[in-house]
Amino acid sequence: MSRVFDAAEVAKHNTPESCWVILYGKVYDVTNFLSSHPGGVKSILRLAGKDATEEYDPIHPPGTLEENLKPEQCLGTVNPESLPKPAADAQKSEEKSEGPPPMETLLNLNEIEQVATKQVSRKCWAYYYSASDDLISKRLNNEVYRSILLRPRIFIDVSKCDLSTTLLGHKVGLPIYVSPAAMARLAHPSGEAGIAEACRSFGAAQVISNNASMTPEQIVKNAAPDQVFGWQLYVQVDRQKSENMLARINKLPNIKFVVLTLDAPVPGKREDDLRSDSTGAKLPVTSAESKKDRNDGERMPDGTPALKSGGVGVQLFAGTESRLTWKDTLPWLAKHTKLPIILKGLQTHEDAYIASQFTPQIKGIILSNHGGRALDTAPPAVHTLLEIRKYCPEVFDKLEVWVDGGVRRGTDVVKALCLGARGVGIGRPALWGLGAGGVDGVKRTLQILAEETRTCMQLLGVGKVEDLGPQHINTRIVEQQIYDGPSNLTGFRAAKL
Amino acid sequence: MSRVFDAAEVAKHNTPESCWVILYGKVYDVTNFLSSHPGGVKSILRLAGKDATEEYDPIHPPGTLEENLKPEQCLGTVNPESLPKPAADAQKSEEKSEGPPPMETLLNLNEIEQVATKQVSRKCWAYYYSASDDLISKRLNNEVYRSILLRPRIFIDVSKCDLSTTLLGHKVGLPIYVSPAAMARLAHPSGEAGIAEACRSFGAAQVISNNASMTPEQIVKNAAPDQVFGWQLYVQVDRQKSENMLARINKLPNIKFVVLTLDAPVPGKREDDLRSDSTGAKLPVTSAESKKDRNDGERMPDGTPALKSGGVGVQLFAGTESRLTWKDTLPWLAKHTKLPIILKGLQTHEDAYIASQFTPQIKGIILSNHGGRALDTAPPAVHTLLEIRKYCPEVFDKLEVWVDGGVRRGTDVVKALCLGARGVGIGRPALWGLGAGGVDGVKRTLQILAEETRTCMQLLGVGKVEDLGPQHINTRIVEQQIYDGPSNLTGFRAAKL
Amino acid sequence: MSRVFDAAEVAKHNTPESCWVILYGKVYDVTNFLSSHPGGVKSILRLAGKDATEEYDPIHPPGTLEENLKPEQCLGTVNPESLPKPAADAQKSEEKSEGPPPMETLLNLNEIEQVATKQVSRKCWAYYYSASDDLISKRLNNEVYRSILLRPRIFIDVSKCDLSTTLLGHKVGLPIYVSPAAMARLAHPSGEAGIAEACRSFGAAQVISNNASMTPEQIVKNAAPDQVFGWQLYVQVDRQKSENMLARINKLPNIKFVVLTLDAPVPGKREDDLRSDSTGAKLPVTSAESKKDRNDGERMPDGTPALKSGGVGVQLFAGTESRLTWKDTLPWLAKHTKLPIILKGLQTHEDAYIASQFTPQIKGIILSNHGGRALDTAPPAVHTLLEIRKYCPEVFDKLEVWVDGGVRRGTDVVKALCLGARGVGIGRPALWGLGAGGVDGVKRTLQILAEETRTCMQLLGVGKVEDLGPQHINTRIVEQQIYDGPSNLTGFRAAKL
Amino acid sequence: MSRVFDAAEVAKHNTPESCWVILYGKVYDVTNFLSSHPGGVKSILRLAGKDATEEYDPIHPPGTLEENLKPEQCLGTVNPESLPKPAADAQKSEEKSEGPPPMETLLNLNEIEQVATKQVSRKCWAYYYSASDDLISKRLNNEVYRSILLRPRIFIDVSKCDLSTTLLGHKVGLPIYVSPAAMARLAHPSGEAGIAEACRSFGAAQVISNNASMTPEQIVKNAAPDQVFGWQLYVQVDRQKSENMLARINKLPNIKFVVLTLDAPVPGKREDDLRSDSTGAKLPVTSAESKKDRNDGERMPDGTPALKSGGVGVQLFAGTESRLTWKDTLPWLAKHTKLPIILKGLQTHEDAYIASQFTPQIKGIILSNHGGRALDTAPPAVHTLLEIRKYCPEVFDKLEVWVDGGVRRGTDVVKALCLGARGVGIGRPALWGLGAGGVDGVKRTLQILAEETRTCMQLLGVGKVEDLGPQHINTRIVEQQIYDGPSNLTGFRAAKL
């Protein structure tokens, strides 16, 4: 029934007028789909006429083909004999042939990142490692923790030390959760489901990325009955898509909340990611063609197109809505899910205060600068925690405040908890763990952080997460860097939205 | 009619008593001109008897010969066959033969500077790169921006983001303008006109240097009807020269304002520039000769001459007036132009305040430390912005306040705008762009900055330039470095000029 | 009478079911002892069937075998001919064959550490050098001294300068004492007794580690009649052991006080030390075996064992009590010794204040973060000194306040004294001295510090230790980093324990 | 009349019992002088039996032999043929054979230091370069200037700029003077007289070191009639020596004042200097011999001798009085000279205030930490200037306040003047200038500093030294580091001396 193509024949269809690609051994005619590809026409044309499986697979969850192509667009199968043999990247494969060292020999999260850097592809590394502009926020996210000192107390029984806590009322084994981070299968075939398996071992919560490389159903499939997940929502310009996804999410009992990400209405400029992409780099500055085939509305005064294409990050961003407002978005969301909402990406006390006016729909906020990937020189979550403590501490009573960004040590976790954070997210570390050793690598990552957190609490003389407080840390240095600006309590509290 | 000389004959006239040079194939006797050369006698004597075209051309605008020499000083032409073949600098030309990479592959301004560094001559690099003494102000100009944090707001519709604004009432496409910087043809033959062409694409304003390597008429020749230019004035000791130039400027409708530069009544000490010049370096410390042939009036107590000669910067400076005062200069200027005046090089709130008393003749001020090229450890413009905000914020209502120095990222542009700057100038970046890729290099420079600026505004939740304000930034660290000195409001406001 | 074994026969008994080891030429069956070994079963199994003397000797004081094994567990002797020849580590022995340079050529403590690093084994270096996590506290301990400036006075007769002072009323030659530091024989066979010999030369006090590699009786054996020692107590879970040790200590007249260490109820994470240990590194992450043979009660939520084993530090820690409290521990201690008690490891003013309520049993406190080896980013002693001065200076009147950590120069000693410290401890420097040159190395260490201290006092214009005061130092930079937190005088003074 | 010795015979007299040395071709029996040598017995014994001229000459002014030895101690002359040929240090001489580059090619003081480092002997370099302990004060001396920002004013006529000023009422061409620094002939044979020659060219003042390698008479011999000198006094234990020197000084009309140095009652620990000396390094730690042959009274509690010998600095210090007090020293000094007294080495506002009570005998003070060579982490002069401004500004009205330490740029000079300094001293730079190029090197040093100072003043808009003030600088960063201690105005003003 199915026609069998020779690779050479497929190779002829490599133009916008006739564009075929091979995926999982099948031949597809995607000519009509080109213009609606969220990642842009060029990222397909680059693979036109070729076997695109290796590039396609790790960044598209199953079902993507079925959802976007009609059955008749599948023309048949390819004769595998006719495909070119993969040209082994000698050096690379040699490096990798060693494989990673045993996970238990890795003593800290930096070592895990180093191992992962050697294990994963250049493209994968660039996507995970990259941050905006000069990586100032990325670095500051971590350094700010180092400038906070701890205040250990003595003569306290610390023989028992319990890391468990609750997030939105759900019991979790650790105050550490895995932040939504896209494209886990770039790092390891077990992907987001592998992270879930590791989280299960520790009772840790996980937020599934809107751009996960697996479906939510796959990710939660083997979850423990009480395992806690959230789902990250980037509202799409095509609202129906988001509504469909929410309908699916509402049916998954392990998913306890929706995380609406707000810190990236447009993508940040991640140069390492841009450099790893060969498409964007070749766009001419002012060619008429490029002007024609782009429709993002962003042009220089003379019509020169904006040059943002390129990089995994920008491709993933395609289709994301940049017009969200307090007034319109939350009511729409209420219509499509009853799950509690967590707003992610708050970076000022003003927004934290406004969010606290939207209970009970909003149950929590995540202070985050997107791992330094959105706006460079945006403040670390620790700054925003201190801003809230300074200007509107009542927010902590109305909402759960979570943080992410820069957490690499158990002492970092403890410092965030002392400042009022209820959950502490890790993004890149979970992915580096996955890249270094798959499920075991993520487990090792969580184990190291959990042990360091426990040791830190014991040495502080604290046996329970809820007993940690600002009296256990000295934030004097950071306090001197906190916004002291024109805002005043009356002012921002009366602010119109 | 014209006599033809052999190069060997010209070569004999290489002394102060008889000094000939070859320029553009013609032979000139410049013996009588030696003592009045603004760049000093030595810079001519070094080339005496030789073809000086390559050194002369990029630093003298057309018309310079005609203006300074009498017709009879042109003795004839040189026989081109008799000229020595240029000894190709093997390594250099090999490097250059590659040419620069495509401009669109350059992702940020640092990469453009790196490419330009390889493309331009050592002399050109030294002139552009150099700054005073230990380059402390040059570095601080940039680093101060990095110590300011941004405060992104969420849930704001940023689908539309407009970079256009006005400068002195003239509509411009960007809040970014090109600062006056001399000798653009050192970097690329398209020179200042090439910068103008790039600015035209973006609707960006440009200030033409007093020491441009092209005439103002040439630079504005292909300007768009509404393209905005300013012209920089260094008042000359020989006032007539300045008056003549002003008369020419008054006739060029694209030139909308005059920028009077005040931060360099004497030249700064730019060691990289000095090192690239072989003339100055050979002056003996105390030779009687050197005492005789110098007449700048600056001597050590024992008559030892000051050793400031050398470097492009010092040569350009020759003839500049160091006796300007508020009382005398502004009325003189009013007699020679009706164009609005912008004062450039203010570095204290006291001077900003005084300037604000001279409206309407003065319409704006540029806070600038001359790119760190005048006085090392002079304050960056950000400091002066914060000083004005602290001591006399009413200045912002009376004058337009522009800044330059150290701007390398869109976030830098936005931070300056948030602090009250109306225009943000780039000096070296435009020249590096020109050196890296000619007109396309400058376009790429402006495009990168414009896109970064737009991205930053969108991620801050701001759609228009005028909506940026101090609430969008955290300047706490810099505030702790701002002058807190003996001045008080009453005091400096009552100050005699 | 004693049976003679061939090494090959002993080698067969290398399992948990039958575990023999050779120590000092004798063969022991330690099968029954395995489960009760404080350092864990694995550290013995690793040496099962082998001659363990070289590993055993430097970390077990004499009498350990007799105390823990029954006579019948000694099976006989080994035939020395049958033992394998030590495989000389060629490179290592070559390095060492040079031996250290003469001690008097070493000019400062850094040079002594450098020499010691080359002289001692990798394991020894790792144990001494290591500190927790990222070594932030270790570095800060030293750097904080460098940020304090001195204030030398002039026109004061400094011809006489006396370094002697008193500690708890006992005359000592120096305000510098040797902190308790374990396992001195790792560095040099003369061990803790060698340190005592050096201290004798300078009249310096020494605190004997709870984990010394020699018995207290051996260490004080050749002490001068008035030589001052303290003994460090880590309370053991098996209290009887601690009581037995206290009974021995009470009988040694040179031991004048007991130092109860409280800053490490659980061991810190010293990665250099962990890395030097091959046991811990091989534990699988989740093996069923490892779950069974561990009984420390610390497990991840899924039963994954904590991975803290490994490293000399962790082995030494085994058996230490983590349930001590003010209420229970001090009365118990009073029953077992009349010696004055010094509490070690205080890091907050709150604990210093509480301790001051427990006079006269408690006579002093040592501000210490355990050389940065317990909790990383814990505060240096200088911070705690300044905290006490800020919140409860009366503590200095009630207790002697000693400090340790980071002292490498005489100026460091003087700065601590100026802030109110009565004794200034050195830990690693004494061990590095021992490693570099045995007794002479420790003498050289003390001599350098003493001379530097004297020179500093003379240049400050101070002739006696008790005349040093806060007027001699400028701590402005550090003051800006001191805890400014929620605590207030009323609050913490009324605190329940 | 004079006996001629063979070198071989002299060589036999190389013991403490019979010690001969060859100096300038003559043979001396110094056996009886050994114990009274200010530089210690060992520094002579090391050269016993040999030609000591090369080591002796640059550190002993003429007349030293005559002053210390009786005529009969000169035994005769040495047969020059019998002396060993100097073993040329091949590499060194090769390096030097190039000689320094022309002085006028050196653009700043760092370049001059680099050239000098290559030109001078290792011993010379070590003596000049060295500073105490970790060189923290040495570095801070310079860095503190870099953290002060300038505040340039515009629209001021700076065509005339006069660097001249007065010191103690004497007209000088520059506000820059040469600080007393010992042993100039180590760097260059022209020695201190060469510095004087350079100063003459600029009308700069010079303070002659107490340990100059030439006599004061030699140094001032070719001075201009109005050339200004000071003479530095280190009071000797043998007061008669100091009184004799003062008598000589009183007779030299160019010497206008006496600088009494007070910041080094004992020598600092300059490790680079100590390392360059082979004597000290060989002293055994506890040998009985070394105990016997030392009599400096400084011993460890067990009699271990202090190990301070070694290094040029320590040898020069021998014989210096450490018992000076306000009460005793000033009246004694008044008896022996009518010259105005400048106290050097003040580092606190308290001492500056006390000094101001001793007018008119004391006419000035020099804020100095001895170039970082006395006490490490002592404050830079800028700190003390700011302390005086903060606590007792009236001192500036009563005394001239001079500073030295860390001045390397004209901007540094200007900043010190703005803070109230009247004179700004350079120590090492004059010596590096001498080492780099003899008299021309010092001239070049002064010329660079003078030009940089003039440029800085002009760019600030200041034409005269006396018009510089605190309004021209921003010291905000340094102000936050100034002593804020227990002192209060009432307190220290009432202080007993």
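When the chains are written out, they are named A, B, C and D in that same order, and each has its own residue count from 1.
Basically, contacts are C-beta pairs under 8 Å (C-beta built on N, C-alpha and C of every residue); 3 or more make two chains touch, one makes a residue touch a chain.
Bear in mind that the values here come from a model prediction, so they are computed numbers and not experimental data.
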Intersection of the contact lists for chain C and chain D: none
Same-site or different-site touching of chain A by its copy chain C, using the half cut: different
Most distant chain from chain B, judged by the mean position of its C-alpha atoms: C
Rounded Å distance, chain A centre to chain D centre (Cα mean): 63
Inter-centroid spacing, chain B versus chain A (mean Cα positions, whole Å): 45
Sequence positions of chain A contacting 2 or more other chains: 480
Interchain contacts (touch definition) - all pairs: A-B, A-C, B-D, C-D
Chain B to chain A touching residues, read off their complex: 103-105, 107-108, 146, 148-159, 164, 173-174, 200-203, 409, 411, 440, 443-444, 447, 450-452, 454-456, 458-461, 470-471, 473-477, 479-480
Complex interface listing, chain B residues touching chain D: 133-134, 136, 262-269, 271, 274-275, 281-286, 298, 300-302, 304, 306-308, 322-326, 329, 343, 345-348, 350-351, 369, 374-379, 383, 480-487, 497
